[in-house]
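Structure, as structure tokens:
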Amino acid sequence: MPRALKRFFLYLAVAGIVIWTVAPYLWLIISSLSLKIDLLTVPLRWIPPRLTLENYYSLFFTRGSESVNARLFFHSLGNSAMISLTTMFICLILGVLAAYAIARLRFKGSNMLVLLMMATQLVPPIVLVVPLYVIMRKVDLLDKHLGLILVDISIVLPLVIWLMRGYFASIPSELEDAARIDGCTHLGALFRVILPLSGPGLVSVMIFAFIAAWNEYLYAFIFTNVDAKTIPVLIGEFSTKLGLEYLRIAAAGVLASLPPILLALVFQRFIVRGLTSGAIK
Amino acid sequence: MKITRPRSRPVFDDPRTLGLLLIAPAMLAILGVVLLPMFNSLWLSFQQHDLSRPQEDAFVWLRNYADLLRDPRYLNSLQATFKFSLFSVLLELALGVAIAIILNQEFRGRGFVRSLMILPWAMPSIVNAAMWKWIYNADYGALNALLAQLHIIDHYQVWLAEPTTAMILIILANVWKETPFTVILILAALQTIPEDLYEASRVDGATEWQSFLGITLPLIMPVLMIAGLLQFIWGFQTFELIYIVTGGGPFSSTEMTNLRVYATTFRSLRFGYGAAMAYLTSLIIFIPAVVYIRSAYRKVVEV
Amino acid sequence: MKRPSLYLFVSLLLILSFVLASCAPTAVPATELPQASAPEATQSAAEAETITVIFPKHEADLSGAFESRIREFENQSGIKVELIQSDWDSVANRILPEISTGGSAYDVVEFDNGWVAEWCGAGWATPLNDFMPAGYTDGMIPGLVDLFSCPDKKVYGIVWNNDTRFFYYNAEKLAAAGFNEPPKTWDEFKQMGISAKEKDVVSYGMAPFWNQEWSLGNEFHFWTYAFGGEIVDEKGCFLFNKDPNTLAALQYMVDSMKDGVSNPAGMTYNQAASQDAFLKGDSLFMPQGIAGLMAYTKDASVSSVDGQIKVGLVPGARAGMSAALTLPEAYAIPAQSEHKEAAWKFIEFMTSRETNKALAQEIGVLPIWTDLYADADLTAKYPFWSEFQAQLSTARGLSKLTWYGDFVDISTAEVHKALAGEQTAQEALDNMASGLSQFECKP
């Protein structure tokens, strides 16, 4: 196939991917800038006749209690940021160590621990929530950042371990053996050989861990109330007895998905080729 | 390269002790949170514990589990969830590989497109669910509007009122949200495949497709298996999407097990039965998952 | 090794910025208004009792009217209120773990009509008779008091949200279709709906909210009552599968999907979507509209039917029959609360005639005191309340069952199946009976 034609199909495919990914989100943004009655017109106008910031305004100001909602929104945003970042870092550290142990140091019982870890992931969290609530209440960790961080770690850490184990396992062991022959300890091999080589994997897992903690809903809902409320919980409250307030959710959703995207934007450059080329040589 | 005599290994370099040492904090962090509640609710699953009728509380051994196996609503939810998870995973993997390979090529704006890719996964699940509910709205939704304006349909359809289309649509919504996860994982894995391998095969005269099957696929297989397993398990944890978009309808055809557990515990206040439902479901997915993990583990070892 | 240090630097920067963001407003109790703290300072803050109150936001409360009343209560009584207001679902899901595990975090909680029997059975609420002055509830709409009593005849909740639903119709479109009076029977309803659709005046007679979710249970109750049917008797014994009126109600619902009265999309609609369609003018009738619907019709951002809507009486199976559904919500004091007297003072204040009237005036809350319906100021502001009053005496609440959750669970699935045409109405009712057989009362 001639090169130009190949390029054409490539860009066509890329365009398709972009449209597939972005179209619903674009509709979300447009909805968040619309009035309800305009969204109900048939045939639907993709660009509504009137654009409005009312939905965003209502996130921050409600007539009668102006400053409260703005403070609440930013407060929740801050909570989410702090909890997600802390969870991410702790899970990265603990996860990398554990993943290395599982992937490379095949010791007795490692298999069983992996299975145990997986078993904890299979149980629907809904059924763990009430006993956990009692425990958290006893140790006074309800509605506290630390409480949510601890339970989020129990969700995010297995994910990190599994993914990192996969990346570690795909690095040929010859490299590590070479390092050990040179006198490295296991840990030294981990830090000097394995981690740099699994750079792209590490960065992607970091992004995932952050987003998983950022978007976590059930535990955040049950274990926070006012002080440590995170953004997904706040968004979940935008409903009345009649149903979800779609437009407000859209506006809040647009804002709430920005930090993870920014993070991905900053770090995606590190998911690049080049860190491993030449390693085998 | 210096040739040195290997130093006598310090005691914590011994694989076994080191391994335990490294894995201990992680295990503590996970099990410390989860173990007690698990035992508590497991214990509960052997009891009748309906909160609104405390006078009927009793220890019933395996009766809850036996009842579940005869509960048509529960069995229905099992098969609905299997269908949902399985199809989601297959689509996510297929799409994920395709998209990752495309995004691995050189083209202008590649970095931007890659970071755009995370968008669906970065949305809170409630926002995702609310968005799709609105898109699928029968009278005013964007899907109907789009299809009608493209003249694919001649009048608006109530997509969510038919079991088949409702299932397809929520699988679509789920795939849209979850595919970025697989894409980025596979993309990262693709980075570790050295370019020389492709060059060598090109020199040997292999086509693109052949080098894909012979080089790419085997090398990303571990990641594919992990991603697949995770997505399958997460399929079973899906809640907001179903609750908000279909509520389990039409007539329970999209009702997932997680929804049943929620309804049984939080709405019907039958905590014993609900706990049993949760553990039975876990057991049912545990067995294939274990088999899967063992085979994946073995494959990984061989690499 | 430049790259790793670069990204370490960037991430440190990110952390710094986020930490700064979260440090700024720390531990803000979400509802503390600046002006509330001033009068507090004059009292010794250490002695001020604090109660925690959790209940949903009223549908019509866009201006924080309830919150203002609460701050006034704080000023008057010296009791500090930690207020948690969110949506109905969140409130329900928050209360359950706390109350079911014997927690004392809440002093005044939301108490929904559908939970009464369950809470009575579980013993989660405090009888308010211990705190109420004798005769406190005289003068309240009687139905509202009964709905929140347990089998021991004591009152466990005082209503704060008289959420009775009313029959609204688009008078202008009805007239355009050639009818001047709203329907008195369900047959007339059907005729008018089909006729208006054929004349292209509206899309459908009604767009019901029959999605398979909790509110379908409400709808089942409404239609059954509207046809004069029964669901269970006082002892909780099944009547739904024996009462011919109940069957007629369900049959009417099923038929309405086929003969064009109901929008088929109603099978996927929740109450909000149903209301959207009515406010757009695509439906002729809204058989179960909220009390505050009139205010919505005047809001141009959601409505194109300003001035076209009127209130009627719910039609019946025969002329002269009418019934409505009420879904009231009350304040209750959990059994484990440690501030019960203070909690009662809160309830007394918030449900008093003064507060009731003030809220009615400000945001159109439907009063719980019968004499307020004759109040001059209120009737001047809400002339359509006279139509409400006629309906209020026919209002009935949800079934009081300790297994109400299971009832909704099974009935919604079976009813939805019948609405889809996958089973007959009779089969649906029979399946409900067999699915709920473990709860059947023993003769």
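Should a chain be cited, it is by its letter among A, B and C, assigned in written order, with residues numbered from 1 in that chain.
Basically, a contact is a pair of C-beta atoms (placed from the backbone, for glycine too) under 8 Å apart; a residue touches a chain by one contact, two chains touch by 3 or more.
Only a predicted model underlies this, so the values are computations on that prediction, with no experimental measurement involved.
J.: Please tell me whether A-C or A-B has the greater number of C-beta pairs in contact.
T.: A-B
J.: Let me check something: if the centre of a chain is the mean of its CA atoms, which chain is farthest from chain B?
T.: When every chain centre is compared against chain B, the largest gap points to C.
J.: Calculate how many whole Å lie between the centre of chain A and the centre of chain C, each centre taken as the average of the chain's C-alpha atoms.
T.: 35
J.: Report the inter-centroid distance (CA atoms only) between chain A and chain B in whole Å.
T.: Inter-chain centre distance comes to 14 Å.
J.: Residues of chain B that touch two or more other chains: which are they?
T.: Correct list: 139-140, 266, 271.
J.: Multi-chain contacts in chain A: which residues touch at least two other chains?
T.: 40, 129-130, 203, 236, 244
J.: At least two partner chains per residue is the criterion; list those residues in chain C.
T.: 93, 100, 273, 276-277
J.: Quick one: which bits of chain C touch chain B in the complex? Just the residue numbers, please.
T.: 92-93, 96, 100, 117-119, 121-123, 203, 207, 211-214, 263-265, 267-269, 273, 276-277, 282, 402-403, 405-406, 408-409, 413, 416-417, 420, 422, 435
J.: Over in the complex, which chain A residues touch chain B? Could you list them?
T.: 7, 10-11, 13-14, 17-18, 20-22, 24-25, 27-28, 31, 39-44, 90, 94-95, 97-98, 100-103, 105-108, 110-111, 113-132, 135, 150-151, 153-154, 157-159, 161-163, 165-167, 169-172, 181-183, 185-187, 197-198, 200-201, 203-204, 207-208, 211, 214-215, 217-218, 231-232, 235-236, 244, 246, 249-250, 252-253, 256-257, 260-261, 264-265, 268-269, 271-273, 275-277, 280
J.: For a test of understanding, state which residues of chain B touch chain A in their complex under the given definition.
T.: Those residues of chain B that touch chain A are 1-2, 4, 6-7, 9-10, 13, 15-16, 18-20, 22-23, 25-27, 29-34, 36-38, 40-41, 99, 102-103, 105, 107, 111, 113-127, 130-135, 139-140, 142, 145, 148-149, 156, 176, 180-181, 184-185, 187-189, 191-192, 194-195, 219, 222-223, 226, 230, 233, 236-237, 239-240, 244, 257-258, 261-262, 265-266, 271, 274-275, 278-279, 281-282, 285-286, 289-290, 293, 297, 300-301, 303.
J.: Hey, which residues of chain C end up touching chain A in the complex?
T.: For chain C paired with chain A, touching residues are 3-4, 7, 10, 14-15, 18-19, 21-25, 27-34, 56-57, 59, 62-65, 67-68, 82, 84, 86-90, 93-94, 97-98, 100-101, 103, 105, 163, 270-273, 275-277, 279-280, 290, 300-304.
J.: For chain B, which residues are in contact with chain C within the complex?
T.: 50-54, 73, 136-140, 158, 160-161, 246-252, 263-264, 266-271
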